[in-house]
Amino acid sequence: MNPNALLELLAQVQQGSLTPAAAADRLAHLPFEDLDFAKIDHHRPLRTGLPEVIFSAGKTPSQVADIFAHLAATGVAVLATRADQSHFAAVHAAIPAATYHATARTITFPSKNPPQSKGLIAVLCAGTSDIPVAEEAAVTCELFGTEVLRIHDVGVAGLQRILAQRERLRLADAVIVCAGMEGALPSVVGGLVAVPVIAVPTSVGYGASFAGATALLGMLNSCSPNVTVVNIDNGFGAAYVATLIARASTR
Amino acid sequence: MNPNALLELLAQVQQGSLTPAAAADRLAHLPFEDLDFAKIDHHRPLRTGLPEVIFSAGKTPSQVADIFAHLAATGVAVLATRADQSHFAAVHAAIPAATYHATARTITFPSKNPPQSKGLIAVLCAGTSDIPVAEEAAVTCELFGTEVLRIHDVGVAGLQRILAQRERLRLADAVIVCAGMEGALPSVVGGLVAVPVIAVPTSVGYGASFAGATALLGMLNSCSPNVTVVNIDNGFGAAYVATLIARASTR
Amino acid sequence: MNPNALLELLAQVQQGSLTPAAAADRLAHLPFEDLDFAKIDHHRPLRTGLPEVIFSAGKTPSQVADIFAHLAATGVAVLATRADQSHFAAVHAAIPAATYHATARTITFPSKNPPQSKGLIAVLCAGTSDIPVAEEAAVTCELFGTEVLRIHDVGVAGLQRILAQRERLRLADAVIVCAGMEGALPSVVGGLVAVPVIAVPTSVGYGASFAGATALLGMLNSCSPNVTVVNIDNGFGAAYVATLIARASTR
Amino acid sequence: MNPNALLELLAQVQQGSLTPAAAADRLAHLPFEDLDFAKIDHHRPLRTGLPEVIFSAGKTPSQVADIFAHLAATGVAVLATRADQSHFAAVHAAIPAATYHATARTITFPSKNPPQSKGLIAVLCAGTSDIPVAEEAAVTCELFGTEVLRIHDVGVAGLQRILAQRERLRLADAVIVCAGMEGALPSVVGGLVAVPVIAVPTSVGYGASFAGATALLGMLNSCSPNVTVVNIDNGFGAAYVATLIARASTR
Amino acid sequence: MNPNALLELLAQVQQGSLTPAAAADRLAHLPFEDLDFAKIDHHRPLRTGLPEVIFSAGKTPSQVADIFAHLAATGVAVLATRADQSHFAAVHAAIPAATYHATARTITFPSKNPPQSKGLIAVLCAGTSDIPVAEEAAVTCELFGTEVLRIHDVGVAGLQRILAQRERLRLADAVIVCAGMEGALPSVVGGLVAVPVIAVPTSVGYGASFAGATALLGMLNSCSPNVTVVNIDNGFGAAYVATLIARASTR
Amino acid sequence: MNPNALLELLAQVQQGSLTPAAAADRLAHLPFEDLDFAKIDHHRPLRTGLPEVIFSAGKTPSQVADIFAHLAATGVAVLATRADQSHFAAVHAAIPAATYHATARTITFPSKNPPQSKGLIAVLCAGTSDIPVAEEAAVTCELFGTEVLRIHDVGVAGLQRILAQRERLRLADAVIVCAGMEGALPSVVGGLVAVPVIAVPTSVGYGASFAGATALLGMLNSCSPNVTVVNIDNGFGAAYVATLIARASTR
Amino acid sequence: MNPNALLELLAQVQQGSLTPAAAADRLAHLPFEDLDFAKIDHHRPLRTGLPEVIFSAGKTPSQVADIFAHLAATGVAVLATRADQSHFAAVHAAIPAATYHATARTITFPSKNPPQSKGLIAVLCAGTSDIPVAEEAAVTCELFGTEVLRIHDVGVAGLQRILAQRERLRLADAVIVCAGMEGALPSVVGGLVAVPVIAVPTSVGYGASFAGATALLGMLNSCSPNVTVVNIDNGFGAAYVATLIARASTR
Amino acid sequence: MNPNALLELLAQVQQGSLTPAAAADRLAHLPFEDLDFAKIDHHRPLRTGLPEVIFSAGKTPSQVADIFAHLAATGVAVLATRADQSHFAAVHAAIPAATYHATARTITFPSKNPPQSKGLIAVLCAGTSDIPVAEEAAVTCELFGTEVLRIHDVGVAGLQRILAQRERLRLADAVIVCAGMEGALPSVVGGLVAVPVIAVPTSVGYGASFAGATALLGMLNSCSPNVTVVNIDNGFGAAYVATLIARASTR
């Protein structure tokens, strides 16, 4: 339930078109909308500052489309992550204005009242194969109203590549670093900037990379104290936190 | 070395007050102090916003005391973590004004120019046994000039305890949550606040807690998107990042 | 060997149509029926209170159908779990009255003497993607004669969803909680009810969820003492134990 | 905020004594209080059926003694687990009537109004070295008012030992099985009884027993469907759930 | 090369019928046949008592067929394990008399001088899904000239099934036990027989069975001291050792 | 219930002194007793060929001494493994003729009727640090009446050491190979002999040896098919199985 | 940028032919070519002695072809590893002279100025299934200008196979050993040669080989001190280091 | 035994100065010295270029001293690693000229014919706590006759520290990099030099460093292709291989 809807309901009570008992009943059944298979948390924007997001993996196209449409109807920015072409087809049928970002595997639909762009987030990746995760992060930041600085393929085996970006990096309110294999880039970046670094281990690699576990462990043991870590391939989560930081920085 | 310093140096070369060879030498000579067994990074406060910190475990008392004294001499706030009584004895002999925080196992010495207190960080722990890790975080925040709200023993098996703190939690610029065992508290807290939550898994537990690995894994899989994670028992690291966020929020 | 068959055999002894020696021989060779590739344990209903169940994964459709038909012939309730469409096709050909539950991936056939419905089991899941596991549990409970209260999508990141269900939860004789990712829901539910909570980790998640291992470990370390745990995705096992508890509660 | 309070608030809106905006603000800040759990909070025994328990490991003797005395003053049965002699010394100084169970490493103090003994729980262990865990379970059951049947050293390598106990086992309302090494005993017991079996892996073993992890994994994969599992060495947790089941069985 | 052959060679040198250079060359030239991609160890039957065996997984059909044909040409019994239909097609084209065992996924071709059948090996499996592994073991034993007693579906959750087999089990010179999930059957069987038990963990199971790792760990921790273990799904290896034992027993 | 008891019961039915229903009830409660294993139970040496053995770790000195004395009184060979000096002191007080083997950490007491020495077992170890495990195996073999060939420090990095032992190795009925670190020796030995090789991983090593887990895994993946494996440091178990094989070989 | 280039640049500043601002800009501008999705490190041959290599897995065919063509244009030897037929098709369209090595899954294009062949590297594999990894190593060595001695199928279960190669092995400047399963071959080879042995664990095996992790762990624990290890299946990396050693040996 | 010696021996047989039996005996008799608990490999210096080394952990002081004295008597350089003060006391009593290196925990005794110093090896460590491992490497290199460049505390969080060392690093024939925590330093160093980098993970760290496993995994996944890896804390092994490379480079 978005704030406007709540005010409207209370106005109806004030105006006498809704009894207190009926209003209480409606408030008790919300603040989430029950689609039977999912309970949409319309209350989240008020409570946590950013709208609910749809994790598409393991959901059917029609489930994703239903939730997407219900969220879009409230006017908030809508984001579906881990969405494949079949998810998008179903969403597109319901919401023709929705956009598919193929590399990032996300579907977006802008807020009716998009926020003024706030802050700058640098999104780095160590290698070309990490770009899909980095794009999930970048698309998320942009949907939530933050400017993004994309810096690709700056792994630590050729330090001059990241060192050349130092000045640009220092403009960012937060830095997201996506890396697979040994996951060393966040430690190096952490030593170059004065803002939080959010490390995203990726499942890029083979053999003893153990599908991202090695990068994850390396990042958790970073010798740079400004590094925190999210789950493997979780570009969205990193973007969510970076957005909160960028908003705070520009308040 | 900041861009201006580089331009200045190059200008000296242009003006002939510095030979190319001397300039090349200075460009190679960066600002760390070599104690033979350790290279103190005096440049860090400028580069990353907060001073270097001494990780005492695995260092001898005299090594810790030497580094502590060198840092204290520069006037920055000095922090030694994972310090036991023998470390403190050596530090205290060198710097009598240093303070030992027994529960937090840290030694602190304030900056000559302490920053004005900036922002508020909530430091939560799920159980009584998590308090040492929470205190490492709290002492770090306070030394770096941030106000701390301590909330102990609010584990999820008795939800009313954390729910009763909701109003106070909403005042914080960032929330640090320390929890062992299943590590569920950050997910619950993440759903209650609109700021970043930094989750610190603790090694509290037994059996299949695997010395904090279970809490760590749980936190990395949090269904609350505003949660990021640091290493097991790393209260210091959480505080470092939370401080950066609080400073940004109050800029 | 079902109870009737045993009585019949003993009656033959009583009537003299079977010698004690011949009867002893027959009793020693059973109480299981040997299909060569499987030994059906017809004795189980007497010994453990509930009939044997067919785990279909790794069995051919015709093997599942053979065992299903043999069990159905004895009049007990028959349940095949982890059954796909090809398993059902074979079972359906043999037992046209069998029912396929697609979401739960189970095939059921009711007992000739269905028990009076006994007790109430709440089956919760944290997210939409956990529904298949929850349905395996729910279908099992219903086949075994217990009433089921389904509550979906009540994960801990939006506490109001589970808190809104508290009154209904308290009616249950046992609670089954299915959750993937960090698996925190059983701890929260455990603090809200006074009955056993059976936690089912699901393989829902990605990256460091390690196909349910993280949820499993979290549940084993639950700070709520009324939580016990079954294998990943084992909705059937949870339902089996919950049914035993519900029957005891309503004796 | 209980339902009446909500109605009252809405009535104020209807009556014009509260504007919709002010009401919306109050509703946004307090979405759960209508459930009134702070009051329930003071009644954990009422809510969950059994009193709070003190996990002594990682707590100082004086912390344990303080909590113990506080609980004892309320008249409930008090239990401290994982308590060593130093914990007991402190508790004994405060509550001279407290009892130390050395093998079980627990301290108990009976309820002022001990419940009538309800139900029977069988507590089995596979080998002599598992007895401390089994005793933690047994002492817990007894304190909570359930009768205990202790059966020791009935590991599966000598089946006749457990088979000889079948008749006694069938009297139990629930069975707790403690086993280390390969942890096979719960599967065997599960096939012999018609009640829930709660498996407790123990850290008994060496080498590839990995401090109980092997037994834990084995129990989670039990081919007996009436087996659920708790954490390694968690005799208390098993007893807690078994007590709930026994109480239900004897209602 | 056996000692006599060495002495004979050296005697030839002494007698002048072989030059030192030629002898050095022969000493370097040991009895394997080089197919470029594989070195067939024709010496193995002499050295280790049983012929070399072809592990087909990861080899192309034509590679398997080439090696198979080379071995068959020497008159020994030939065995290819982990062979699929495409492997068999290639082998069959080269050696029409070769036999495919579909369940066991093996191809066999009998020795020109088959040994007299020696000894009896019992091959047990816990569940129907373990039969392929058990059959790999059984086919191997039979090819190597040992009689096999197959006993299927005797898992520990229904003890009467294995107990009914005790007398037959006691006839065996060695017992092979294949089991997945918790892998408890070898411990139970180990307590019933006086001969070595070779435990074969299978990858049967789901979730925390971790593709056979749980069964493997359980078997390594068996409380029956006559149990040794081979790799997951390694029916062939178990049969190989059992054959050696059976041959020794019947010498 | 032994067979006679069953016949008696059935005779009562035949004679009408027991109704079929009453008989069915008794049979349902006692389905296994007709197999008469309680009697066999008192004769483990008869059933499994070797006497019971005491695992001392985790038992008190007096527990070990009690069991030791009880077994010694029956005249069988007595063996206590993992025994330290305090265990031996207690045993020695009870049975002055018991012997302590310090390197092997075992206590032995010979059978009153020691078997004629049967067979030869080679006990190898890869390095000097593996000797304690090898000695546990050797002492066990000797107590059980088998001759032992000890071969130490023949690791694979200097192949000439093991190759020099080939002729002696070929005399053995079974070979026990103890190795830590990479655990490669069993594979090499397996290729040199025609008898079963029992591999014992040891906890010798550091870092990525993970206390023997690496050696264990290596042995389970041995490319020599005559290798089976026991638990880490389990010299006793290897000796037990080797003794069974040696006895069979010399029957 | 080498030191001379730096001095030259600074000299230009001194001489006034370059402004400080332009110099600062050039210092920031380091020699990599930006393809947007990848930054080609043309500086690498100078810095590290060997050209950059394309890891094709996870890159699209057109990405691989673009990078390949850019590198080829500079005249260096070009190597793409982990390339499938679709990668080759794209590369071939751009650079018709490129060669595909199907077994090695690599694409190569020779340097315009191929180095004189330097040194000899022996590339061994334990079994036929390890050949693809060995070929990746061999093709890499050859492209970089080193002669290769291929020795296949010399696993430790038939020692005579590797022993027969001793004299040839001693000619090598470095030895690469590829092995799966228990990974024992590098230890044996390490004891036979006086040069570095680079061990490549392969993912060949099943069950407890854990996709190469067991071989990796075994190699890391090698008792031969001249063994170092690279990632699972990383034939390229082993060849890279071996080439550096061979070049040094022949300087 | 080299080929010439073999031909000579065979020539003696041809000439009748050696009987075939005596020759067979000498062929079997290879050059190691048997101390009963250890077989000293005096042949190793010839075979592998460097003398045997004593791993002291798990050996008694007198065992270490005996082996040390036997090796010293042959005139080779003697090295005992992982030696504590008690090992040194025993060695010192036997060989008063032996030297103890406390930080490196090694005992050395120089060769009678020390080699001319050959080559330069850089030994780096990321942090102060890694120095003991680095010193084990450095002392080993020096004993084997290679010059060492020690560079301490140059972790990647302050890149200027390692960048300042670039010119010195480029003088080395091989680089050893010791690092704990995330183990990122070898990747960075690998990108700066044109020689092999031998990475030594150290057990420095806490929590998710898992005693060096995280650093080990990170190094195995290095994006710098000139990095190979040895076991955790294995400074000796790294030095051994680096010495072989340095010798080759200076031949």
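Just so it is clear, A, B, C, D, E, F, G and H label the chains in written order, and each chain counts residues from 1 on its own.
Keep in mind that, in the parts below, a residue touches a chain if its C-beta (ideal position, glycine included) is under 8 Å from a C-beta of that chain, and two chains touch if they have at least 3 such contacts.
Just so it is clear, the structure is predicted and the values come from calculations on it, not from any experiment.
Chains that count as touching both subunit B and subunit E, per the definition above, are C, D, G, H. Subunit A and subunit H have CA centres that are 50 Å apart. Each chain gets one centre point, the mean of its Cα atoms, and the points for subunit E and subunit H are 41 Å apart. Remark: subunit C and subunit G have CA centroids separated by 54 Å (rounded to whole angstrom). For subunit C, the set of residues that touch two or more other chains comprises 28, 31, 43, 47, 158-160, 163, 190-192, 207-209, 213, 216, 220-221, 231.
Applying the touch definition to all chain combinations yields A-B, A-C, A-D, A-G, A-H, B-C, B-D, B-G, B-H, C-D, C-E, C-F, D-E, D-F, E-F, E-G, E-H, F-G, F-H, G-H. Of all residues in subunit H, those touching subunit B in their complex are 128-129, 131, 152-154, 158, 160-161, 163-164, 167, 204, 206-209.
Contacts from subunit E toward subunit D in the complex involve residues 126-127, 155-159, 163, 181-184, 187-188, 190-192, 205, 207-210, 213-215, 217-224.
Only residues 3, 47-50, 53, 167, 173, 190-196, 198, 216, 220-221, 225-231, 236-238, 240-241, 244-245, 248-249, 251 of subunit H touch subunit G when the two sit together in their complex. Residues 28, 31-32, 36-39, 41, 43-44, 55, 57-59, 63, 82, 201, 203, 211-213, 216, 231-234 of subunit A touch subunit C in their complex.
Residues 3, 6-7, 10-11, 13-14, 16, 19-21, 23-24, 27 of subunit E are the ones touching subunit H in the complex.
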